[in-house]
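Letters A, B, C and D name the chains as they come in the text, with residue numbers starting at 1 for each one.
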Amino acid sequence: MIKKRIGIIGATGYTGSELVRILTNHPDIEITLITSESRAGELFSDVHPFLQGIADQTLVSINQIEEHELDLVFLALPHGVSMDFVKRVKDKSFKIIDLSGDFRLRSQAEYEEWYKTSHIYPEGIEKAVFGIPELYHDKIKEARLIANPGCFPTSAILGLAPLLKGKLIETDRIIVDSKTGVTGAGIKAKSTNMYSNVNDNFKAYGLKHHRHTIEIQGVLDELSGQETLIQFTPHLLPVDRGILTTIYARPTGEMDEAGLREIYAAFYENAPFVRLRKQEPAIKDVRGTNYCDLFVSYDKRTNMIIVISVIDNLIKGAAGQAVQNMNILFGLEETKGLNLIPLNP
Amino acid sequence: MIKKRIGIIGATGYTGSELVRILTNHPDIEITLITSESRAGELFSDVHPFLQGIADQTLVSINQIEEHELDLVFLALPHGVSMDFVKRVKDKSFKIIDLSGDFRLRSQAEYEEWYKTSHIYPEGIEKAVFGIPELYHDKIKEARLIANPGCFPTSAILGLAPLLKGKLIETDRIIVDSKTGVTGAGIKAKSTNMYSNVNDNFKAYGLKHHRHTIEIQGVLDELSGQETLIQFTPHLLPVDRGILTTIYARPTGEMDEAGLREIYAAFYENAPFVRLRKQEPAIKDVRGTNYCDLFVSYDKRTNMIIVISVIDNLIKGAAGQAVQNMNILFGLEETKGLNLIPLNP
Amino acid sequence: MIKKRIGIIGATGYTGSELVRILTNHPDIEITLITSESRAGELFSDVHPFLQGIADQTLVSINQIEEHELDLVFLALPHGVSMDFVKRVKDKSFKIIDLSGDFRLRSQAEYEEWYKTSHIYPEGIEKAVFGIPELYHDKIKEARLIANPGCFPTSAILGLAPLLKGKLIETDRIIVDSKTGVTGAGIKAKSTNMYSNVNDNFKAYGLKHHRHTIEIQGVLDELSGQETLIQFTPHLLPVDRGILTTIYARPTGEMDEAGLREIYAAFYENAPFVRLRKQEPAIKDVRGTNYCDLFVSYDKRTNMIIVISVIDNLIKGAAGQAVQNMNILFGLEETKGLNLIPLNP
Amino acid sequence: MIKKRIGIIGATGYTGSELVRILTNHPDIEITLITSESRAGELFSDVHPFLQGIADQTLVSINQIEEHELDLVFLALPHGVSMDFVKRVKDKSFKIIDLSGDFRLRSQAEYEEWYKTSHIYPEGIEKAVFGIPELYHDKIKEARLIANPGCFPTSAILGLAPLLKGKLIETDRIIVDSKTGVTGAGIKAKSTNMYSNVNDNFKAYGLKHHRHTIEIQGVLDELSGQETLIQFTPHLLPVDRGILTTIYARPTGEMDEAGLREIYAAFYENAPFVRLRKQEPAIKDVRGTNYCDLFVSYDKRTNMIIVISVIDNLIKGAAGQAVQNMNILFGLEETKGLNLIPLNP
């Protein structure tokens, strides 16, 4: 088989380095180019020294993509920058998996309300497929532009999908209480990700207004055919990677725990990366992997469903899910190159 | 002023060492004795070496309390052991502040249901006062036996009290999503508090059945005069100390954020240890202190109230609150010996 | 190629789970059995829940090895228990890689002095080969019993070998100041590995008498043909995995930094897992991998050589090095199954 | 007694907030002003929100010092900025305790060599007293300008002083292997103090050229009357605060451990903040306090002395030592306001 030629646009962030980490051992692709405007001419391992001897490619400017026949590019660019690129290459033949938020929402208006900036390529929003393979496998297969989901939305949506698809819960008051590792804030040093502000510490942030709220709600509306109201609260954990989301929802009808678990088992029967856990999962149980671990519980005393959902935000929440989407696009086995085993401890 | 004579029963745990840490600089008391059955004859600083040169008292057996005139004893004993002691000394004149869970619930039946063990001194349950000074100052003043509240309940109750006292929220579906540091599990080494099981990790535990659920519910029922249903979920943070509780509740009537804040400001006007914060508090903001920091918020989009409550579980959640109760019992200024400033970072 | 049949003796510890993590993706072997006396009958993933769906083999008693034709067994047993097993199977045909300390020293007398227990199988000491592939590749190839090196010795020996092999430093006063992650202390909960005793903390331990001192010294004596004196001080880091060793030594003759680096480059020319780093390496740079990263430096002002050596204690310091030894024993490529990329962050 | 009027110049860093934390409970002083150029007009607690309700003074510009009669100012300014200020106020009557490195070295030439910048006020270097009270109590008492020592030098010098004062060790090859918490790098966000670069990580830095080398050497030369050569290597720990220094030195004559301990006990007989520990101290044993804990050991096998020295870098290594110096200057008890008890855990 001829290896697929891949471009990674944006090399300096965590999604860039995770993509390289994963793709380096993928048997069916080759990384044709990695771009960086600020570090062009340097080695990838100069930017990420832990990859010395492993990924020593020279970084090039984004303009170099013209000189290569590419099958697919991953966009590891900030929100706002991605749409410029996508617009610019709209007539190219390569596929695009965009890891930013630029094409995840349902409409230009929604984007502009929640991202507080104008969208310069609304046609892209219409064409883009939201890349959660567990829900949209067939659409992904046919897409040219995939909006790779946000990290929080991945954890929340996979936790809630079976309930909403089956119209099993009240939709006006779903609590999504999420806790994330620090890498979710990106690789740039700032006060919020300084060691001494995070270590031995914990806090909530982005109350009421976090952008992932609307991303979650958009998918859940679509799945349920109803209008949902999500109360989403992110918190910052003193850990590098991992998201744990605790979900509270009230059933619309009779419920019991065994039945609830069967619903999830059936829903995720063919999902190789969703593990229904026997006990409450911890974020280290999925560290370094593409798994989403779920634990479902029903409290008879209060008549509430509690779902716990755990992912590695950089993998199932970003680069790993992107590779999973790539595998589907290329007609490869969904798990190719993703046989990652949790690093625990 | 003659110094009050204090006994600390149980020296080997965290509450014991925190009590000594705080009381060592308290101007109006003297620590007359510290007991330990397993370490009697050794120095307190042999058990807690960081106190070498600071607290070098010799530990004695509990039987030695007979030989001293004491004004008050703190019980830093495990659940189940405390009630034995309280029963045994029921005719003594000294006051008792019990840091265990043995006298916190409303009835023997409730205790036996949630603690899965029989209660040998139900009279104590009736006489005990639940020691949250912000709510029960006057009762505490007159009590002989104080049940010092649990750490999670302290954070949850202080976060919810103004809402329930004012009958401002629906009571059948209050979400209390708590995250605690590891010291809450005690000083004994076990799998759950091993470094590599906690570090860079995070998980929920005790879903649906944690004992603090009923302790919270008992107080909230009493405050609101209604029956409440609390969904309480604790999670384990990779931090030593601190609890952050995120509370979700739906208002019964009209609500807005400014009004909500005024309600809290009025309710805690005379509470020296409750700080209403301008922004979301972090657990390190109260580390090493007796503060409970609160942040209240109202989401118009979803019609939900979100309250964030933060304490140091070993201080406001245990030893500090105990000293606050002691000050009230002795007619001292409530803040005496508790002018602790957060250690941050 | 017929897959080699592997047994793992001892399943409950970290070395057991790391061996399974690594071997699960090794193309040329199959794990024929995993033993545990305390957990026989349970699944491997019951003991290590993060491996649910990945390693669900049923654990068996050690007696079951009689029923299988095995090519090789890894012993992931405590010191003292290993030698019993090795003695018992001395006439079997399978190869043995022992991850304990039982066969690492030069003589029964040395073992008994430093391990404070008698050695029941001194013949094994004579036959065993010390399994550092970078130094003893050819002997390993022919061995039946391999003593897999300790974690500290691996980091210290690889850092010092080029200097001692070349007789370039004074041997009476080599400082080996090591800092290790907590997993080095094993998987059993005890006071020393409790979260709150380790987190935000740091201390030295085992001053002057740590057993790895003599293991290091034995190899260095042999390499240099001289008697060495090592001052080895381990310290406990608040991290899960990783050892960083800082080595101080005085050159016997003229020295300069460029020349020093050439010596190391030449010495490790064919060592796929030794990376000579451009800058000071951090332990996360090798986390989850079989690399040993080295940084060498010469201080003209003080006439001292400083070498920094970094490994993942569970991989290059234990399970990874064991698999590397296995590959050599089986005539496979040394890096087979060990193409692990650092998990950073 | 009339309270002494104190100014704190520089409010935004950790030394500023630690000074306020300590001085807020000091009975004999009042904080007359706190300056900040970048945040003038805001509250101190806007800059350090954990001090809301505790330290709500309004920050003023440095020019405001003209309007106050001050007894003493603490300079919590960066290196280079401090000397400007000291020069400018050279004719004022208030005393100065400078927490920067500007006046710690022996000469302008030494400063310019190690700090790579010119010194604009060399007269200050001559007049300044190096503020380690355990060594220079009497000089401090009479000084106008005190150069408060660096954090690493404090730990190294207190660990070595008894040995060098007594000419008990070889001076050409003293190994000072230090490990520090992250706050030593200051409060500004940068790549080196980002959470994910520090957490679960560890590395050496500043090999051979760290400025504290010469600061240590200057004092040790003076104490010993000999020329010393210090090999100083700092490492970065994943902890907020604390320095642990491991020192290796060879005795010049006969040595034994008991005698060694007596030497230290005699030397520090009157030092209220030096604790000679019974076992190896951990950095959390002194967290939040002004203690320097020492542990001394002699290895007969190798004929080496090992000293372990532990401090809180922000307190004994900065703000606490500054307050100790202030107490001496004012003729107060050395421990006034410094009765801090370790926060552990």
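In the analysis below, contacts are C-beta pairs under 8 Å (C-beta built on N, C-alpha and C of every residue); 3 or more make two chains touch, one makes a residue touch a chain.
Values in this document were obtained by computation on a predicted structure and should not be read as measured data.
Engineer: Taking contacts as defined above, which has more of them, C-D or A-C?
Structural biologist: Spelling it out, more C-beta pairs touch across C-D than across the other pair.
Engineer: Farthest from chain A in C-alpha centre terms, which chain would that be?
Structural biologist: Most remote chain from chain A, centroid-wise, comes out as D.
Engineer: Report the inter-centroid distance (CA atoms only) between chain C and chain D in whole Å.
Structural biologist: 40
Engineer: For chain A and chain C, let me know how many angstrom lie between their CA-based centres, rounded off.
Structural biologist: Their C-alpha centroids are separated by 37 Å.
Engineer: Residues touching two or more other chains, restricted to chain D: which are they?
Structural biologist: 183, 196-197, 199-200, 238-240, 282, 284, 287, 345, in rising order.
Engineer: In their shared complex, at which residues does chain A touch chain B?
Structural biologist: Within the complex, chain A touches chain B at residues 173, 175, 177, 179, 196-197, 199-205, 207-208, 229-231, 233, 235, 237-240, 242, 244, 246, 248, 250, 280-284, 287, 297, 299, 301-302, 304, 306, 308, 345.
Engineer: Which stretch or stretches of chain A touch chain D in the complex?
Structural biologist: Touching chain D: residues 182-183, 187, 189-191, 193-200, 238-240 of chain A.
Engineer: Show which residues of chain A lie in contact with chain C when the two form their complex.
Structural biologist: Per the stated touch rule, the residues are 14, 21, 24-25, 48-54, 183, 199-200, 240-241, 275, 277-279, 282, 284-288, 339, 341-345.
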